[in-house]
Amino acid sequence: MLTTFDRRGRRPRAGRLSAGLLALALLVSACGGADAADDGPAGDPQSGGTLAIGIESDTDVLDPHRAGGWVTYRVNRQMYEALVDEDLSKTSEEAPIPEIVPGLAESWEVSEDGLTYTFHLREGVTFHDGTDFDADAVVFNVRRMSDPTFEFYDDRSAGQTVFVWQHLQSVTAVDPLTVEMTMKQPFSAFLRLLTQGGGGSTGIISPTALAEYGNDEIADHPTGTGPFRFVDRVRGQRITLERNEDYWGEKPYLDSVVFRPLPDPSTRVSALRAGEVDMIAVPSPDSVSSLEEAGFDVATSAPPHLWYLAFNMTDPIFSDIRVRQAVNYAINREGMSEDLLRGTTNPAYSVLPPANSAYEASEEYFEYDPERAKELLAEAGYADGFETTLMTSVDGSGQIVPVPMAEYIQQDLADVGIRVKLDTTEWITYLTEWAEGIPAGTGMAQMSWGMTTPYWLRNVTSSTLQAPNGSNVGHYSNPALDEVMQQAATALDEATADELWRTAAEIVHEDAALAPIVNDKAPYVLSGDVQGFVNPSEEWYDLTSVWLR
Amino acid sequence: MVGYLARRAGSMILVLLGVSVLVFLIMQLVPGDPVRTMLGPTATAESIAAVRADLGLDQPLVQQYVSYLGGLVQGDLNTSLTMAQPVAEIVFPKLGNTIILAAGALVICLVIGVPLGVLAATRQYSLFDRGAMFLSLAGASVPVYWAALVVISVFALELGWLPTSGMYDVREPGGLGDLLRHLVLPAATAAVVPTAVIARLTRSVMVEALQQDHIRMLRANGVPERQIVWKHALRNALPPIVNIVGLQVGYLLGGVIFIEVVFSWPGLGGQLYTSITSNDMPIIQAGVLFIALVFVVVNLIADIVVALLDPRTREAVG
Amino acid sequence: MTSTTLGQKVVSPVAAGDTVAAHITSRSRPALMWRALRRDKAAVVSIGILVFLTLVAVFAPLLAPYDPLDGDASQRLEGIGTPGHLLGLDGQGRDILSRLIYGGRYSLTVAVLPVLAAAPIALLIGMFAGYFGGRAGNAVMRVLDVLFAFPVVLLAIAIAAVLGPGLANVMLAIGITMVPYMARVVYTATVQESAKEYVEAARAAGATQAQILRQQLMPNVMSPLVVYGTSLCGLMIVLAAGLSFLGVGVTPPAPDWGVMTSDGRSVLLEGYGHVATIPGLVILVAALAFNLIGDGIRDALDPHKQTS
Amino acid sequence: MSGRDVLVQAQDLRKVYAKPTLFGTGEEFVAVQGATFDVLRGETFGLIGESGSGKTTIGRMLLRLVEPTSGFVGFDGHDVTRLTPKGMRRLRQRMQIVFQDSGSAFNPRRAVGEQVAFPMRQFDLCPAGEVRDRVVDLLEHVGLRADQADRYPHEFSGGQRQRLGIARALASEPEFLLLDEPTSALDVSVQAQILNLLQQLQEERHLTMLLITHNLALVQHMCDRAAVLHHGELVESGPVDDVFHTPQHEVTRRLLDAVLEPVAA
Amino acid sequence: MTEPLLRVENLQTHFASELGTIKAVDGVSFDIPRGGILGMVGESGSGKSVTGLSILRLLGSRNATIAGGRILFRGEDLLTKSEAEMRAIRGGSISMVFQNAMTSLDPFFRVGEQLVEVLRLHQGLSKKEAREKALNALELVRIPDPVAKLKSHPHQLSGGQRQRVVVALALACEPDLLIADEPTTALDATVQKQIIELLQEINQELGTAILMVTHDMGVVAHMCRTVAVMYAGRIVEHGDVADVLRTPQHPYTRGLMASVPRLRTEAAGEGHVRQRLYQIGGSAPLPLRLTDGCAFAPRCPEVGPECWEVDPPTVASGAGQEAVCHRRAEEKAELTGVAQHVGA
């Protein structure tokens, strides 16, 4: 959905008043003077101002290599850049998958055999501390993440970014502006992974700063090359960034950006309503329409996000494909998206999220059909249903509103005779338990995840990545799928790879190995003053284009 | 006095040691692997093992505890597992914020709770007394987080008098005035339960104080009731009030979690809650230890104040 | 007997004498207490409320108009007075009234059971430390000191985090958390009672330590414990609700009142205040009732009130 | 008097308390020092002193309800201070105490009959089936009614409670009765009732009694011999007539002088 | 006849209770002349303390009411005064000391501060003047080292000293009447005697009239000029101390006098038979007054049928001694009958 630039209202007040306070409030609004709606064209972008963003949790470390999670990456991304970037200036409608564009590397070549990547670096780029950006800086950073023999090797960075560097053989500075990376095997997703930030990201840190502050302290002194530079951070209160006046590219309009962690959804919405922040992430679904009514803008997108269930293949009930299919049929994804989530998500029928080169709409799979589900259950010998457990977190990054959603599923499944108990855990604990694999006795586990590369599918279905050695938490194993995914991963060009990934996705669908539920639209709610914000097909955004009216 | 302080300090250290052992033991039992959290779902078993070894989490428990204690003695509070930042840098500012919130709440408790209790006591069984005591009980029975949201909705959104959350304006962090504006709502909400407790206690000790023989003596000497109540009876009732206020500090320090969450107050309570669930041992250890320390010190001060208030014990302390 | 004129034998007191208490009191202590409690209107109303809530919870299947777990998402968040749904529907389109009716099963259990379970433990610890004092008693009190220095809510969260969420675990967490507080009440009472002469009299009559503890002290330290425990029940409902709010409490979709409140808070400011407010008020009423009963019992146990 | 043998013997009794201050234990405080006296079988011995003179502490030490810091207590040949807990419990059957009525001498939560019965059961003095009858007998003997056995302490007046206290003390059929200010909280008319009762019982049961009081008239009325205490030390002792008529010590003289007789000037 | 300093007429003080109205003081009348000392004796619950408190209207409890009568102080009825006027009287012209010296002083304030507070309140003195007068007051009660005592806290004083301070506090504003409610009960015998002597001296030196409420006939004997014996809310006998103690008329007074153990003046000798004390059976009733008749009837050794039904009459005997008793009335009637007979 396109961001609307010209909605009325700045810092509108909430309209509903409790009866007892009506008179008082009327008095106050009379004195204060209600904000007049100032409709009209947005006008030309103008520089200046401070943008305050209410984010859904405090951020992790401001060290791009070490940091995990989207929330942190959204901050780090404004300060750090990787060799390769994604074009985030287009909405999901304009570009369902962000295009890979030059970042700190102006251009690159991949050898025929897919093993050697040569990056030609941008000239005249300096880090925020004045250090020049060059090939040595790149090598320094890559070795920090991947070379245990390196003085500044950091095992946490390595752990976070292993998905990027797992096939790296070596990295060398050919000349001050050229870096060469050699792979042990072809790795078609490599360039896309360089742009990702869900886990660790590959933003380039000033080697001078790293050497000065060390691996642990660098997070307190973020020093990158990005459009914004770090000002200060008061943990739990704010992170302030300011415009990098020396930025090599298009300079931001904003003087500064403040990220304010507001973990409680109601508080976040309140802060926006009260004008304390200009923009919030993850509004509670129920607040979206009333915020819109109150004159706020809602920017949604179609990021590579999938809220899905993994089945426990070691469970005697769920090892039966008919049961898995029945569950898939029994869930009313439309209803959940529209009624419960108030249109902040789209129903998901494909295990590959839309923002993905291999995505194709696959509605033929598992459209809501409770009768079909009952039949399948009867065939499987569960005419009277059965009892099972669904594990879910109570909150967490990208989880939307996991408990109400799980309750929704619970009710849908109850309609076809499956009696579900919910096992709810706080996010971080849940992550650990989830990563250990679905325990015996529990039939399903919920997670939300996704990447713009279809390579992601391997994470959750490959038999080699069964938990606890990977994220295939349901211990799904399908040799045919493994084979296809191996080919896809090592394919030399993206087109071939995508074709293979589509086949892989089809296998997963056929086997009903997962139950995709919804794709988040990642809504952001903005005050009418915020202009130029683009919500792209990613879990993060770029702030250089944003300006304040 | 010196001897007394030394004894109390000794027992304080024992209490704190006990607290640290307890925290350590409990946290061993909390499920969830901090390293897994740290490295995310794509991390491999080897990289996890490497980080665990790096952090010393693979050592036997006793050894972990001893080395922790060793560090503590040298003033080293370790580094947060999830935030990769020295614990002191995280815990101290947040402890400071929590203390600001607790102090704000305490001021409200005292300004409202004590007079309410005194007035109720002087009008024992009157409509005012019953009303005030009923209200204070009701206050103590309200789910705080719900009350917090109602308060935000009324005073911040409907009326727009005060900010909804946070400690400072993020765009232009102001000074004390800005802080105070942000403090009012969370402090008032946090104060509800302790105000009720203090009001009720004040009432009951004042009722007792007003029944004492010397109060009758004052009445027999024609001393005006107001002077009797506020000068003599309250002075006599003060020691138990001071004690309960000390205990309320403990409640406030640990009990403001809900307030901190709803008001996004960057305090230690909320931090500890997150850290418990993410198994961030060093933060929890330090956080709980410092809360315990503040609690113990505040109560020591309360004891000393009580002793100083009472001329019968003043010499023992002074 | 020589100089007495009236007292031929030792004379029995006559009916006109004795104290006020002797005239108005009934036979047994509990009956007396009940008599005093009955005069406390607030306590009587509170008992009525709790009895009502308990009966409603017990007969929930007969009373609830709908399944508390089954909702209709298309009607979600409809307000109070929706046809067929007196108190409206929640975020899952479930009937709030039905959930409230069933919710008592969780919330009232959470309120009462942990306190009941913690009481005997607290009694044991408190009486031991209070009566024997000395080194062992001191050691016990120092351990309690440690627990006091540990903020209650954090301790409950930590224990709940260890045990995992769920009704039973919440109760266990709350129960454990409350032991030191209840033990201190018992301890104080024990120290006070131990100094009284009836304990000395029992000792003079050859009572063993065990007899003194069980027969003499226990009945007397029970009453402050009962008073405190009753008030704690009120606090426990609120605390349990708080734990649900933090996600370490009773697990959804159980219609626990705390869960309901925390469910509703995300829409509290969106014009659907009823979802959180209705269960919030029920919690308030129930907690208040426990507190008022606690007050009532305390007053009823107060000899001054019994006789005046 | 020389014909009678010694039942209770106190020798050089000493009790030191650590003076409790607000913060832990402070300086020591000598409550009793060098108390030596004998109580002869069948007599009433008076222990006279003002408040804080240590008279109550001495009484408690005789019954070993308070552990003496040093000194010796003999009871009919037993070394009370050295008995094992079990031996001590057995001996308690023979020595009992009546407290000053402070309202707390009875457990408020148990029926008084039960409390009077306790020593009977404890010392196995009669078959379980007869306990109830014996309690009723005893209550009636001290001037209470049988139906009052099921009542609770607060339902009695001060005088009645003192009768109960006497009944309880007698329940174990003791030889020695320690009376700790038994009438100081009572009105004079009730005091007379209680004193008469005690005298009557002493005659019936050949009791040996030790009366602790500050009331000299009471001592003269009740006692054969007496000792005067001052600041924890015995300043004078002997037959009541001697002590009262030829007081040797200034303290005794002062106490005698302070007695206000209800006689018009 | 000069007007008495205090005249209490038919005072009725009632307490509401579950059992009905308790007439704690039920028609009590008495006079105290200027400089006089009246002893008011009775057992606990007889209404003697309530009488004292009623005069200053210090009953406190909400279920206590003064239901009738007049309290004339220097001719003015205290029951018609406003609360503010009463405050000026309390501690000013009438003051009161209570039973418990140990707790009658505020432990948190210095002796001097407490004296100064009262002095400034009633006499509007400057701080300095008040301090001087406070010192005078302490000197008056013969406390050793009064200058130092001004700076002492109550807990630093002995029981006797504390009671002296209480007396000083009561006398600081030189009242005309001092109501002393069992001021020596909690004190040791030696201290009791000192305080009684002190009160006597003050009475003589300053002419302060004293209402001495006590249960101790010994105290009455040693300091009072007149005595009123209360039983169940009524005065059953009053008169000069010498008369009442020597020839008590009411059976209750007689019983009271006989039941107190006395110090013998002569040695009893070895092997004497111990005498029993006289004892009044039963215990004091609750003054509910459900029926007419003598409240003492159930315990009276001389009780007759009319005692249960008819309120007893007041009988005078000798110089101002009066008792309220059917028996004495009968006897007197007989005597007068004899006298008349003789005279005729």
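Remarks
Each chain carries a letter (A, B, C, D and E) given by its place in the written order, and its residues are counted from 1.
Definition applied: a contact is a pair of C-beta atoms (placed from the backbone, for glycine too) under 8 Å apart; a residue touches a chain by one contact, two chains touch by 3 or more.
Predicted model only: the values in this text are computed from it and were never measured.
Annotation of chain A and chain B: jointly contacted by C, touch as defined at the top. For the pairs A-C and B-C, the count of C-beta pairs in contact is higher at B-C.
Set against the C-alpha centre of chain D, every other chain centre is closer than that of A. Averaged C-alpha coordinates give centres for chain B and chain E that are 55 Å from one another. Distance from the chain A centre to the chain D centre is 86 Å, each centre being the mean of its Cα atoms. Per-chain CA centroids place chain C at a distance of 43 Å from chain D. Each chain gets a centre from the mean of its Cα atoms; for chain B and chain D, those two points are 52 Å apart. Across the assembly, chain D contributes 157, 159-160, 193, 196, 200 as residues in contact with two or more other chains. The set of chain A residues touching two or more other chains comprises 14, 18, 266, 270, 273, 426, 429.
Counting partner chains per residue, chain C shows two or more touched chains at residues 4, 7, 11, 13, 17-19, 161, 164, 246, 248, 265, 268-269.
Considering their complex, residues 43-44, 159, 188-190, 192-193, 196, 215-222, 241-243, 245-246, 255-257, 259-264, 267-270, 274, 276-281, 283-284 of chain E touch chain D. Contact residues of chain C toward chain B in the complex are 42, 142-143, 145-155, 157-159, 161-162, 164, 234-235, 237-238, 241-242, 245-246, 248, 258, 261-262, 265, 268-269, 276-277, 280, 283-284, 287-288, 291-292, 295. Chain A makes touch with chain B in their complex at residues 13-14, 17-18, 21, 24-25, 28, 32, 50, 52, 60-61, 63, 66, 68-69, 155-156, 158-160, 162-163, 198-200, 216, 219-220, 234-238, 240, 258, 260-264, 266-267, 270-271, 273-274, 276-277, 426-429, 431-435, 449, 459, 468-471.
Listed in rising order, the residues of chain C touching chain D in the complex are 4, 7, 10-13, 17-19, 21-22, 25, 27-29, 32, 196-198, 200-208, 211, 215-216, 219-220, 223, 303, 306-307. Remark: chain E residues 56, 58, 60, 62, 86-92, 95-100, 103-110, 117-118, 121-122, 153, 155, 166, 169-170 touch chain B in the complex.
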